[in-house]
Structure formats: structure tokens, C-alpha cells
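Naming follows writing order (A, B, C and D), and every chain is counted from residue 1.
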Amino acid sequence: MPSLEAPPRRLRAAVLGATGAVGQTFLRLLADHPWFEVGALIASERSAGRSYGEAVRWLGPGPLPAAFAGLPVLPPETVPDCDLAFSGLDTAAAAEIEPRLAAAGLPVISNAGAFRMDPTVPLLVPEVNAEHAHRVRAQATWPGFLVTNPNCSVVGLVMAAKPLADAFGLEALQVTTLQAISGAGYPGVAALDVLGNVLPWIGNEEEKLETEPQKILGRLAGDGFQLAEMRISAQANRVPVVDGHLLSMSLRFGRRVAIDEVRRALDGFGQPLASLALPSAPARALALCDGPEEPQPRLHVGLGAGMTVSLGRLRHCPIEDVRLVALVHNTIRGAAGGAILNAELLWRLGYLGPRWSCPN
Amino acid sequence: MPSLEAPPRRLRAAVLGATGAVGQTFLRLLADHPWFEVGALIASERSAGRSYGEAVRWLGPGPLPAAFAGLPVLPPETVPDCDLAFSGLDTAAAAEIEPRLAAAGLPVISNAGAFRMDPTVPLLVPEVNAEHAHRVRAQATWPGFLVTNPNCSVVGLVMAAKPLADAFGLEALQVTTLQAISGAGYPGVAALDVLGNVLPWIGNEEEKLETEPQKILGRLAGDGFQLAEMRISAQANRVPVVDGHLLSMSLRFGRRVAIDEVRRALDGFGQPLASLALPSAPARALALCDGPEEPQPRLHVGLGAGMTVSLGRLRHCPIEDVRLVALVHNTIRGAAGGAILNAELLWRLGYLGPRWSCPN
Amino acid sequence: MPSLEAPPRRLRAAVLGATGAVGQTFLRLLADHPWFEVGALIASERSAGRSYGEAVRWLGPGPLPAAFAGLPVLPPETVPDCDLAFSGLDTAAAAEIEPRLAAAGLPVISNAGAFRMDPTVPLLVPEVNAEHAHRVRAQATWPGFLVTNPNCSVVGLVMAAKPLADAFGLEALQVTTLQAISGAGYPGVAALDVLGNVLPWIGNEEEKLETEPQKILGRLAGDGFQLAEMRISAQANRVPVVDGHLLSMSLRFGRRVAIDEVRRALDGFGQPLASLALPSAPARALALCDGPEEPQPRLHVGLGAGMTVSLGRLRHCPIEDVRLVALVHNTIRGAAGGAILNAELLWRLGYLGPRWSCPN
Amino acid sequence: MPSLEAPPRRLRAAVLGATGAVGQTFLRLLADHPWFEVGALIASERSAGRSYGEAVRWLGPGPLPAAFAGLPVLPPETVPDCDLAFSGLDTAAAAEIEPRLAAAGLPVISNAGAFRMDPTVPLLVPEVNAEHAHRVRAQATWPGFLVTNPNCSVVGLVMAAKPLADAFGLEALQVTTLQAISGAGYPGVAALDVLGNVLPWIGNEEEKLETEPQKILGRLAGDGFQLAEMRISAQANRVPVVDGHLLSMSLRFGRRVAIDEVRRALDGFGQPLASLALPSAPARALALCDGPEEPQPRLHVGLGAGMTVSLGRLRHCPIEDVRLVALVHNTIRGAAGGAILNAELLWRLGYLGPRWSCPN
């Protein structure tokens, strides 16, 4: 059993892509983190050399924390003198920068899509597949390494699916998403495209929804990740909501199930990580809402400080077995908050630490 | 073959529920109709006795047509001296008022839900099941009668499904809807509930989506409607869009089909009513969009003056056979415009006319 | 100088109009208040007799606090066994209920409009006219009494105007407001009216904006309130924003002023109540924003937990003297939060207390 | 008096900046124009060489007209073989391209801001200052020349102000604008900036509102434009509306006026161009709305096919003399439609024609 101690000092975290939407969310969440502190801000050539306050277009909510405004923005080639790095880079930048930092010995906790399906890289949602984390030791760059969290919608999907897959076997899953604009970063979606409108397509989103869950819900085999066998059909829509991706799902199980069984499985999920006392883990990983119009972004997106996935509308499906609706906070649980929880898990598992005493 | 002549004079239509959202749309569409004219405005006790301009909170788009502003609003018990009645009543009022008018000899073309599943009442979408119209002769009130059009989302569903059901057999259909606020009438949805938000439930909507299509896509048997055998699973969401219901659908057919076959079936649908020269029938019943983000409310809801159903994102489904997205203008094709098209068909079929020469 | 002690026990507060939008905000803000606790929930006849969880349509953000869900809702004629009452009643109900409770000896801290201009009732914004509070002793119902806070937009106006009126004399003020939908309560504004739209009128709003400030900025004379002499011209608009009223203002002073003088006057305002250590008083009553697009609802409405008024765009006016933009959180500072701050001030001034030891 | 004949053949118009938001509106409005037809599409280097259908991201409403999809996009250095050019260029491109085309003999009807305040360039709103058009003869490039229309908000302001300035003398005008997102072009405003939010600043907008009206409402003096003497104070806000700029105005006149006088002056404005029979001139230049919540974008933006300016809320001002609200369709009357009306006026005045017979 892992020790439950906090790091001996706050670990210094570089934030890659610090001026972007995900980077800003990292800063908001790290501003008061008990284990981590911001050690370096790294962004594109265009921002480098300016103070963060000058370089960023701060998106809120709330104004830019004063502590960050004066920090210098470092160029993308920087190898920061930090204990770990959080990455909010876009895919192309991540593909180049993240391996370089891992090769330099840095643990890189990434929200980017570049290496999610790499056979040595954990695609980690701590409540779902914490054991995948151990695969970092197989990386060529060890003790530098790379850990990823999934696409923002995928997190909601796998959190809802995990207890059901464990209890009943999950064979097929239809999902239609209604995704918030913050998922596209900044400037992201043009107001003219989405105000009073829906866009029935999001580039690459359906592909991710149809492939990432099988890795996350799969098993760690001796030499890699064994994908879970299930078929997924995803349809993604962009809706005029600021934060909160909603998923209408229909699931087919290995056997007929009663709605009450499903409810018990979801209720019983609790917080599988409770014994690890991770600061960002919500008290309950899943919240099961009772109202007919629940969950909804306005009311539920902030549950568990944005780290709880809300579920509702649990009912029989005339075609598959069970239908339900899930809501995930896409920039917290689905991005920066999920990555920070990954880092907390990695500390507990002994894979993070002050660099000069990094375990191996 | 029916005659292609227009009525000898414009038929006088009463509008029931004239001050409501659907009633207003009837007025906008009838303002310049070649065959029909507004003969009486009937609304609730609260509005009766005032001029229409005083009684209505006009919702636009565009200001209230001056021709209607001065008309008197008649009380709900009125039996209007008209050739037909269009009903935009709510379910409870329709249940009481519509049969009374039919019994008085009036053809009632209703958008209400009260009698849609009645075994003698056609649930009519002219491009899909025009032959169901003949069932009006079986009604006890003949030559007064009642014809209904379906729920606004159902219209989009059955229009898209019809050519595919005919060509390949339709066994199952998963649909998640993203529905506009105008579908709830006025005042309808509170702004606080839907601005920047999604409501993952609409009262009674899923039940209608799961039962009305089987009647519409079914056959007229000797003594009633034989329901089509297909299973439907529907999940309904309210989104902050003014007009235009979007449907993400996944369809399972009686045999494996190639996407190209599906495309040809949809393209080939054309306008099945073309030979009838109905004024409100769009040139093409279905429009197949090519862009990846199409159809969408902003761009496509007004196609065919709001009477065309737009389709897009046609592609294979990893679970069922085919996926696609449909868009229907909920207050035009899905409500008042659909009802007016029904009336046009009924004229062509000889079931409407100046009342003193009503065919029987 | 008043004592800085907290009440000897939490004062029990009844919430009038508890199921309404303002009532809900009272509950959210009182859930963790150090001096007050919810002692009774009173609502209309329709809600009375049910539990609060059954009676309320909770508007969030966040789900209904569990502590309130089980409380009984009491009927409007209740005289609660409490130390004070917060009122979120509408004007008509307030006109009847509030005087009755005051007559029963209860301090009533009201957000309603019914008695704001009454010559014995303080219209209180603590940072602006704390001394008006003493007028409660002139009320016929003393030691029961009535204190009001102003219209939600007026709070932003007078907070911004106060330091400038003191420094330069304020002669005239043009204001155009852009007001959030939550200001209309629930169900309030219909989504069809405001989604993607602006309503250039709000009933009674301009009248309040043109009359309440003169009372608040006026002086407490021996026998009543002496109105400040200034002319105000207000134009009110409803915009599709959830929380946060924005005011574009243009002010004419008694003398020409330089922008730098104005900036210093605003910066110097600080928190005039600092010495009173009121729990809900923000560290700074006014926040002066620097960015060209500031203040804006998304970024600034939550400053000071919603109790700070944000200012920006300070510049010369070609017609009057100075222009600026103010932002006020309409449901917190402009309603329930403002009322709670009033109650905190009243405790400090000795006008509240456990009822059996109420000062007189 | 000018002849009322249409051109002998449709005049061929080049559209500059054809892929932009204003360029697209030109195409929509020219698709069925009786006097003009699209003769060439010119856009930036990036789009040149592709078909219009490939190069454009079409913004609607409605899909891209098929007639334009196949046209080639020509590079910015093109001197088109056309009778005139409409320009939807941005300021920088206009500064370079428009004078070159005028020098090549082409009439350039521009919506760009680059030359609006040039002393030889008319800043034209036909109902307001048609006589300014004659100034084109003073341009060095004659018979090639340049005519501009004003900033989109300015059009609403001067249309409302013109009859009042003529009748009463206009000394000062306070205006706060609530401007739609389409005014910023595409991609323009990021959804994250404006969804559920207001931005209380629009770059350069207030400067234009405070200077362009004086030129438009001024007189054509022998050697230039004599600016009207009036002070304007403008505050500009961006609101989440698609089309339609709303202006809250307060006006001070040379003498005290009664509201009834103002109403008569506005009503009497009619269509000053009526005798010219211009195809795009609306039947009434101004529409005076009666309802308390009017005008509003949803209901009134399309009046007169988007060419009528709607007015409402006419009432006394406690500080100036009169207050009112104006609404202008920013992409039609305020941009492409206004430019086309300018071209129609220029034809009537004899300044346009088939190029080989261009009048001089």
C-alpha cells in the first residue's frame, strides 16, 4: 500500500502551452494546489519573452491571478528546471515537445492527443484504470516519461461505463454528444457558427470516442495494453454552452439487466481512489441525479469542483439494454483537472518526486 | 388521377388557438396562400372579445401583418362559418373542441396531439403516407372529419426514414434529438433554463418519437392502420436554438447496405407529390447536404421555405448499419406548414371544398 | 464605535418568498453564514405544506443544498419565530406581508420594491449611506422595522457614483443598462424573447433608476431623507446574459474634472466599511479594471464573491464630463447579498439581535 | 429630374473581398438584382485560383447560391472587366486596392473605412445626403471614382437623426450601442467571448460614431464637405445577437420640442427617395414602432428587406430633450445593402453606366 504522505516540498510543475485555454485552466487549478506549484510557463515563440500578463488573453471565470501576471513566458525549446510538466499543447506541438522533455528526464503529464494510443503510454483515468500507470516504466525515456488523459468526452463515457462494464460486460455503446464551446480552446468556435445554432460535427471527435475507451477499459497485459472488446458508435455535436459536455448513451451488455441493478452498480462505484487521499479526487466519482431534466450543465457541471461526472435519466432502452445521460466538465475533469489527478496518482505510486531524488 | 385545379374560390379557414405560437405560424403562412384564407380567429376565453392585435403577443419573425391586427378573436365555443379549420390548440383544448367542430361538419386539420393515435384519424405526412388520408371517410363525423400531423421531431424522422424503409426494410432506429425552443410554444422554455444550457429531457417527446413513426410508416389496412414493425429508441434534448430540430440517427435495416445505396435512395426520393402541384410542397422533400458540418439550423432550416428536411453526415455505423443527421423546421414543416400541406392534399383528394358543395 | 463582536448565537432568519429566484439566492448565501442561519422558509399558499425540495424548482448554480431540501415550507400568513426576516417577495406580496411582520416586532430586511421610497424606510447600500440605517427607529413598528435595498441596477449606479459625487458634486447622469435575465426572476423572461435578441425595455426599471439614487445619495435630515439634487436619464435593455448588469454611464459634475482625478477618487474608495468587519463586505467595494473590454459579466461578475462592483472604460465624455462602465452582480450584490450586508450592518449598529434581548 | 429608366443591360459588378462576410452579403443581395449582376469575384491571394464554392466558408442564412459556386476567385491585383465594383475589403486592403481600381476608371462603391473621411469622397446614405454624391466629379480619378457608406451603427444614427436635425437643429447626441456579432465579420468574435456575455468595447467603433455623422449630416460646400456642428458621445457594446445593431439615443435640440412634434417629424420622413424608384429603397426609410419592447432584433431587423431603420421608445429625456431607440440591420442597411443603394442612386444621377458609354 502506498504511503499517504504529501510531497516533502511542493513539486515544481512547468505548464506547457500556458497561454492556451487548457494552460489557463492548469494555472487556475494549480494556484492553490497542496502538492504542486507553478515553476515555469512555456508557450509558443510568439508569446515567449513577454510577461504572462502581457501574453495571455485570460478567459476566466474570474480575473487573472496576480501571482502569474508577472511570470516570464519561456520559449518552446526550454527544458525547465522543474519536477514535472503539465502539457496543454496542441497535438502538433505536443508531438515535438513532449518526447524531448521526457527524454530529458521529466515526467510529462499531458492533455494532448499525440501519444494517447501509443503502446507504452498510459491513457489514464485514475478511477477507471489506475493500474495502467505502471506502464510508464516501459518507456524508453524512463525515468522521464509521458502519461496522457483522454479526450474530454471520453472521460465522461468511461467513468459512466466502468462500473457497468465490470458488473455486466459491455458489448456495444451508442453515444451522441452535445459538447460545449470551451472544448475547442480559444479563439476556437466562431460566435457566428454557434450562437443560436448547433454544429453536427467536431473534427476527429468521433474517432476518439470510438477508439480511446477500448484502451482505457482494457487490461494491462505483460507487454502492453489489451483493448476491451466493445463496439462504439459516436455522433458529436457542438452546442452553445460554455462548459460541460453532455452524452446521451445507450448501452448493450453481455446479459439482460434490470434498471435497479444498474443503479446499484453506479451508486456503488463511490470513489475507488478514496484510500489514496488524492487532493483532486472528488468524494464521489459519479453522482446519480434524480430529476427528469438532470444532469444539465447549468446545475451540475461544477459538482465535486468539476471532477464528478453526473449521471441521470437511467432507463431501459427499446433497442439496446440501458440508456442514460452523462455530464462531464470538459475543461476540468476532461482536461486540466484530469491531468492533475493523474499527477497526484503518480506521486502516490512513487513515479513523481523532487527530481534529484526521483525513484527508479 | 386527381384534377390539378385550385379551389373555385379561396377556402375560408378558421384558426383555432390563433394567439399561440403555432396559431401565429398558421397566420404567417396563410397570409399569402393561393388556396386558403383566414376566415375566423378562435382562441381561449381570455383573448376572446378583443381584436387580434390586442390579444396576441406576436413572436415574429417580422411584425404582425396588418390584415390580422383588427380581426376579432372569437371564443372557444364558436362554430365558425368556414370551409375548414386549422388547429394549433394544446392537447387538452383540442380534445374538447376539435371533435365538436368535426361533428358540426367541419374538416379539422390539427397539429395537436390529442387524436394522433386514434384508429380512424390519419397521422399524415403527405410525402410519406398520403394514402392514409382516405381513412377520413371512416370517421363517424363524416363529412366533418379530423386529420393530424405528427410531433415536430417525428416529421424529420419519418421523412428521412421513408425511402430507406421502402428500399431496405427498417428494423431499428436510435435517435437523439437536439430541439429548438420554439417547439415548446410561448412562453414555453424559461430563458434561465436554456440560455447557455441543455435540458436533457422534454416531457412526452420520447414517447411520441417511439410510437408515432410506426403508424405513419405503417399500411392502411381495411379496417385501420397497421403499424410498421420497428423498434425506436429516442433521447430528447432541448438546446438554445430558436428554430430547427436536429436528429442524430442510427438505423438498422433488414439487410446490410452500402452507403452509396443509401445515398441513392435518399437522392431518388425527390418530391413524391410533384404530380399533385401542391402549393406548399417543396421542390425536393429531402436535401442531402455535403459539408461535414451540415445540416445545421443556421444554414438549412429555411430550405424549401422551411418545408424541406435536410440530411447530412451519411456514414456507416459500427453498431447498426447507417448513421445520419436530419434537420426539420419544427414550426413550419413540423407544425403549421405540415398541417397546411395536409389540407392541400385533402383538397386534391376531394375531401375539402366550399362547404355547400363538400364532396361525399 | 460599534463593538466588533459576532452575535452570541447565530441569528435565526426567516426567508420570505423562499422558492423564488431571490429566495433561493438568500438560501445559497446563508448556507454557510457566520452570523445568520435559516430559521423558517415562507412562500406562497401554493408551496406551503410541502417540503422545500418538493416545492422549489432549484435554479443553481449547483444543486439544492441538502440541508434545505427537507425543511417545511410555511404559508404566507406565518409569523415566524425568528430573529429577523429576509424578504425576496414580489412587490404585491411584500406590500401586505412585510408590514405585518414588522408590526409583530420583526426586523424585515427586504429586497422588494414596495417600501423603498417610504420616508421612514432606509434604502440602504452600506458603503454608500450606512447612516440612513438609523432611521429605522422612526418607524411606527419599532422595534420591528423594515429596511430595503435598491433595485439591482441602482446598486451599481450608486456605488460608482458615490465617491465621485462626494469629490466633485454630481449634477446629471445618463445611463444605459444591459441587464441579465436573472434579474427578472423565474420563470421570468421567455427564452423566445431573449435568446439571440435584446429587449429594449424593462417594466418599471427606468423609473427606479431615475428616482432611487437620489434617496440613497441624499442626506438623512432630521425628519426624513433629503433627496440629492441630480437629474438621471435611464434606458434599460434586457440582454441574453445569465448574471451581471452592465451600465454605460456618462456623468456631469459640478466642475470640470481630469480623468486622473476621477481615477484617484474611485481607487481611494476602498472599503468604507472595513472597520466594521462585516462578513459579506468585499475587500474592495469597487474594482477598477484596466483592459479595454472590461468589465464584462464572464470575467468580473464574481469579484468579491459577487459583492464588488467592477468599473472600467473610464474616459472623457464629449458631452458630459466623464464616461465609465459599471458591472454589478444583480442577484448577489443587487439583491440577496446586498440585503444580507444590510443585516450585517444592522447588527453592528445594534438594531438586530436575539429577539428576547433586542436593543431599544 | 433624372430619368427613371433601368440600365440598358445589367451592369456588371465586381465584388472585392468576395469571400468575407460583407462580400457574401453582396452576393446574396445581387443574386436577383434588377440592375446589377456579379461580373467578377476578387479575394485575397489565399483564395485566388479556386472556385468560389471551394474558397468560401458560407455563412448563410440559406445555402450558397449555386450560380456562384463555380465562379473563379480572382487575385487582388485584378482589374476586372466590369462596370463597377462593390468593395467589402478590410481597411488595409481597401487602402491599397480601391484607389488603383478608381484610377483604372472604375466606380468603386465601398463599404470599407479607409476613405470615408476623405474630403473628395462622399460618405453616402441616400435618404440623408444624396446630394453629396455629386462630389465624385471632384475626384482625381474621375470618371473612375470612390463612394463610401458609413459604419454600420452610424447608418442607424443618421437615419434617425436626419429628420430631427432638419426640423429642430441637433446640438448633442448621447448613444449607447448594443451591436450584433455579424458586425465583426468572420470568424470575428470568438464564441467564448460573447456567448452569455457582453463586451463593453468595440475597437474604433466609438471613434467612427463620434465623427462620421457630422460629415453625413453636413453640407456640400463649394470645395468640400462642411461638417455639421454637433457633439456626439458614443459607448459601444457587443452583445450575443446575430444581426441587428440597437442604439439607445438621447438627443439635445436647438429648441425645446414636444414629443408629438418629434413623432410627426419622424413619421413625415417617409421615403425621401421615393421619386427615384430605386430597387433597394424601402417603402419607408424609418418605421416607428408602438410597442414598449420595440424595436428589437428578432422582430424588426428584417423590415423593408433589412433596409428600413426601426425606431421606438420615443420619450422625453430628463437631461437632454428626447430619447429613442433605433435598430439597423448591420449587414444589409449597414453594409452591403447600403452600398448597393448607393450604386442605385449613382445610376440615377448619371454616374454609373455601361463603361463604354460612361457619362462625363
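By definition in this document, contacts are C-beta pairs under 8 Å (C-beta built on N, C-alpha and C of every residue); 3 or more make two chains touch, one makes a residue touch a chain.
Owing to the predicted nature of the structure, the values given are computational and were not obtained by experimental measurement.
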Margin query: Measuring between Cα centroids, which chain is at the maximum distance from chain D?
Written below: A
Item checked: Of B-D and C-D, pair with higher C-beta contact tally -> C-D
Notebook entry, point to check: Per the centroid of Cα atoms for each chain, what is the distance between chain B and chain D, given in Å?
Noted result: 40
Check: Using mean CA coordinates as chain centres, what's the chain C-chain D distance in Å?
Finding: 43
Margin query: Where in chain C do residues touch two or more of the other chains?
Written below: 59, 193, 195-196, 240, 242, 298
Next item on the list: Sort out for me which residues of chain A touch chain B in the complex.
Entry: 172-174, 176, 178, 193, 196-201, 203, 210, 231-233, 235, 237, 239-242, 246, 248, 250, 252, 292-298, 312-313, 317-320, 323, 325
Next item on the list: Quick one: which bits of chain B touch chain C in the complex? Just the residue numbers, please.
Entry: 21, 59, 181-182, 186-196, 240, 242
Notebook entry, point to check: Considering the complex alone, what residue numbers of chain B touch chain D?
Noted result: 58, 60-63, 195-196, 289, 298-300, 302-303
